[in-house]
Amino acid sequence: MFSQFSKRALGLTAVLAVATTLLLTACGSSGGNSGNTVDFSGTLTIWHDWSGAYLTAKQQIVQAYEHLHPNVHITLVNQTDDTKTENAVKAGTGPDIVQDPVDHVGTLAAAGVIVPIDQYESASALTSTYTQTASQSVQYGGHVYGIPEVTEILTIMYNKKLLTADQLPKTTDDMFTFEKTYSQQHPGSYGIVWDVNNVYDDAGFFYGYGAVLMDGNGNSTVSSQAGINADTYIAQYNSVLPKDINGQTATALFNEGKAAAIIDGPWAYTGYGQAIGADNLGFATLPVVNSTNTPVEPFVGGKAFMLTKNAKNPALAIDFMKFFTNASNQATMCASTGEIPSNIAAGQDPKITSNTAISAFVQQVKTGGVPFPNTPYMGEVWTPLQKALTAVWNGSETPQAALSQAQTTINQGVQQIKQAQGG
Amino acid sequence: MNEQPVSAASIKAVTATGTATKTVAITGERAGVASLFRRFRKNSSLAGIYVFLGLMTIFALFPLYYVLQASFNATQALITTNLQLVPTHPTLANYQYVIQQEPFLRWLLNSIIACGVATLIALICATSGAYALARFRFRGRQVSLLFLFALQTFPGLLAIYAYYDILTLLHLDGTIIGLSLVYAAGNIVFGVWNIKGYFDTLPIELEEAARVDGASYFTTFMRIILPLAAPALAASALFMFIGGWNEFVLAKLILNPDNNSLTVPVGLFQLQQDQYTPWGYFAAASVLVSLPLMALFLYLQRFFRSGLTIGSVKG
Amino acid sequence: MLRVSRMTIAAYLLPTFLVIALIDLYPIFYTFNLSFTNKSTFNTLDNSYHYIGVKNYQYVLQQTGGDFVQVLLITAFYVVVCVALFAFLGLITAMAVNHPRVRGKGFWGNALILPWTVPTFVTALIWKFLYNYNFGPLNQIIRLVTHNASAGILWLDQPTPAFIAVVIANIWMSYPFFMVISLGALQSIPADLLEAAQVDGASGWQRFRYIMLPLLRPALLPATILSAITTFQMFNTVYLITAGGPFTSGNINNPGATEFLMVYMFDRIQNNGNFFVNYGHIATVAVLVFIVLFALTMMSLRFTNLARETKR
């Protein structure tokens, strides 16, 4: 639900830079799995969710791989519906690789659509190459199920023409005061905006207040006192933010200079830079929750490559995934897409460390963030909680009532999944 | 099976209502009706009627006008909380953007292919069956007709998983041609009904006479009946096409989300949903997709409503 | 009727019926069949799903039975309100245009029919634009009239305004159809009939009630019923404007204020964006929706002459 944000145009220079670097570094980085002889021929089909300029950037790496292995042909298809993936895999017409947000890992693994790749990449090898959170996100049920592509997290972006860094709120109480005073001082404008009824955007507040949206065993505490506190906190913004605020309105307001700051992710900052001027875009970490003294902890998620049951040449598929995510490819790609590299070495590359945006997102990961659950149970949380948030925001329900209804629905959903898994 | 717009229902209504709507006020009678109405309404205020018509016209036209002017408005100007009814700095930038930066023309092409192929399949498959149902008597005929009628009430959306399976097996999943197959499913049932209804109105003596002249039934069907049924075939084709043109939900579920594979309704929806896409682009795209259809419709309405003239004498 | 051999009949029918069997019947059979199995994401690939009798029906009716009834009720309410309003508006607009002393009939006719010519998805998206809280013209007008910069109706975020919003949009796109039908029917009323009534001293209302209305009936009744069925199955106009919302509860089974039957079905199929799908449950809801639609259509057969047509 958060992977569909459209991606903004990237500089042509950046793309060219990717291509050049790839050609220079490709040879050394390929073939990481010693002992396995890889047959570098045939077709690899990848179902992915890249679009627009992101796609252009990623295609550079794909082309470099094809250049490196002339007998390999790679087909890219934009298709991310898991139901269709499963159908296609069953019919034998599915892709070799799926690139999906990491929260799909559990469901796809439990369904048997993707297969473990421990024999090609052990958990320890994974952890030594990729960041802790990224490595965790592709492991499910004690197996490695994928190679992490990129990491994503939400943070605060602000307009330097309207604010200075020291004006930004440090705590959640500050944030609400800031919101009130800013709109009082600037009628028609808003302090800080975000997609307030979006579960992904609000998850950080829930975790910051001490509620857990979903753990690996199917337990959720959205209706706990902590959850109620979080929702109460969010809902009070109804009095100061536009009443029908959503992602679209928030973006429009920020782009127009009618909002001083926005909570959003790596996919969005290029667009904001274009709207308000890249030099005017500042970054800050999310505030600390006063009552718990814990920072607001948004999901640390991302995308990963996974090997499907259909893969005709698994060794080749894995080799491609590793090539795609090697240090130099990641550094060049992320420097242009603004995504956070999952590869540790890439994160230390000067191209990345000198990039203020990526550094800011990395800083947010360090300051506060929880691994994006990749259990199938997480899927049962989105809609009930989103409906609860909306109902409370609109004043139709109290946080207590709405969240306890959501909790019941979530529990039923989890129960359904457990039954399906058992039978 | 596709959602029938009200306009598609109209053809059924017009067929179904039979004589009542088809009866035309003979022009000569008009003067009589007019004088009668003059007396009949002498107490009612003509001004009141004009006010009512004026308000209705505002209701009818305001949304269209607003979108039209928005399409010429710079995006900045639309994100305002003040009412603006005239573009401050008229520009064609929105149109340019939609055509050059968004795959708008591709969406149009996709829609034309999906609807065109679906219409073609359905027409070919429906016509012979409709003829048999209209002209031949056989056991199970009545049941078949009722059965077809029942099929019409089954929206394709309900069987979406079956279509996923069929399309995957045919290697057509996510494609425009696959979508057209699903559209054809709805069209064919509509087609059989609609075309059969027209065949029913053709005198059976046509075939009998041809038979006497030594022509086979098949020759008669191809040479005489089909040309005579051309208006019904054309009307059915048009409604099938428009039905698909308006269809959103199946296209949304079946097509790959890649921006280039969408049909116009899904593409336009995506354009409006898009986080960074302001209203101007959407408005321009709406105007582009509506104008040709509106023109076509206004032109064709004379044929649809033969007899349902709205003061066309004075128009 | 033509006397022909069975072979000939089969030759004409077979192509049609084969295609219908493949792309219409099979999917329906598939869905019914699915509703009696426990097929889900987890047992699809290894084909380990099996028949579980009517358990899905028990589960669905138990879990969502009340909600399903609620969806049917709000859908029926929506249909009644919409059809009544646009049929009425269409009729009086037609009477106004048809008024003998009204000039410019061509202009009024063409202007008032325009909403009908707009593709339905465009209509829906235009109205969604108009209803936008901050930047939509409807609220801008309200602010202009009230001189209050922060005034405005939350059209799509409050249950009642959202319901009204989709009703207005539907009236806008549907009344011209009734106007056209009514105009045709009005013009077909013999003049001497009304004249005779007038001579007999019938009042304006009486002439409308006892002469015009009965004569309009054959044209308007089928149109009304077919519109009602169309409205019952309406998807575009509602979904593209409100997506079934606003939702007023954390229980996902509780329908939103405008979550009418087909939108409800679509939401089940979307499965709330969840990757885990219980196909059996969704197919069960689909079968229930089908039963409702089928029953309604069969009932409406009585009111139109479609039933007679099958006997011809």
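Just so it is clear, A, B and C label the chains in written order, and each chain counts residues from 1 on its own.
In this text, a contact is a pair of C-beta atoms (placed from the backbone, for glycine too) under 8 Å apart; a residue touches a chain by one contact, two chains touch by 3 or more.
As the structure is a computational prediction, the values presented were derived from the model and not from experiment.
Chemist: When you check each chain against chain A and chain C, which touch both of them?
Modeler: Common contact partners of chain A and chain C, which must touch each of the two, are B.
Chemist: Which chain pair shows the largest tally of C-beta contacts?
Modeler: B-C
Chemist: As a quick test, compute the distance in whole Å between the mean CA positions of chain A and chain B.
Modeler: Each chain reduced to its C-alpha mean, chain A and chain B end up 42 Å apart.
Chemist: Cα centroid separation between chain B and chain C, in whole Å?
Modeler: 15
Chemist: Send over the residues of chain C in touch with two or more other chains.
Modeler: Chain C, residues with two or more chain partners: 134-135, 149.
Chemist: So which bits of chain B are touching at least two other chains?
Modeler: Correct list: 79, 81, 161, 165.
Chemist: Which residues does chain A have that touch at least 2 chains other than itself?
Modeler: 83, 87, 90, 188, 252
Chemist: Touching residues of chain A toward chain B in the complex: what are they?
Modeler: Contact set of chain A toward chain B: 4-6, 8, 49, 51-52, 77-81, 83-84, 87-88, 90-91, 93, 188, 247-248, 251-252, 255-256, 268, 271.
Chemist: Sort out for me which residues of chain B touch chain A in the complex.
Modeler: Contact set of chain B toward chain A: 76, 79, 81, 161, 164-165, 168-169, 171, 173-174, 256-259, 261, 273-278.
Chemist: Taking the touch rule as given, give the residues of chain C at its contact with chain A in the complex, in rising order.
Modeler: Residues in contact with chain A: 38, 40-46, 63, 132-135, 149, 154, 156-159, 245-254, 272-278.
Chemist: Using the touch rule from the top, collect the residues of chain A that touch chain C in their complex.
Modeler: 1, 82-83, 86-87, 89-90, 104, 107-108, 110-113, 187-188, 242-244, 249, 252, 309, 376, 379-380, 382-385, 387-388, 390-391, 394, 396-397, 401-409, 412-413, 416-417, 420-421, 423
Chemist: Any idea which chain C residues touch chain B in the complex?
Modeler: 1-2, 4, 6, 8-9, 12-13, 15-17, 19-20, 22-28, 30-31, 34, 89, 92-93, 96-102, 104-122, 125-130, 134-135, 137, 139-141, 143-144, 149, 172-174, 176-177, 180-181, 183-185, 187-192, 194-195, 198, 204, 207, 215, 218-219, 222-223, 226-227, 229-230, 233-236, 239-240, 262, 265-266, 269, 279, 282-283, 286-287, 289-290, 293-294, 296-298, 301, 304-306, 309-312
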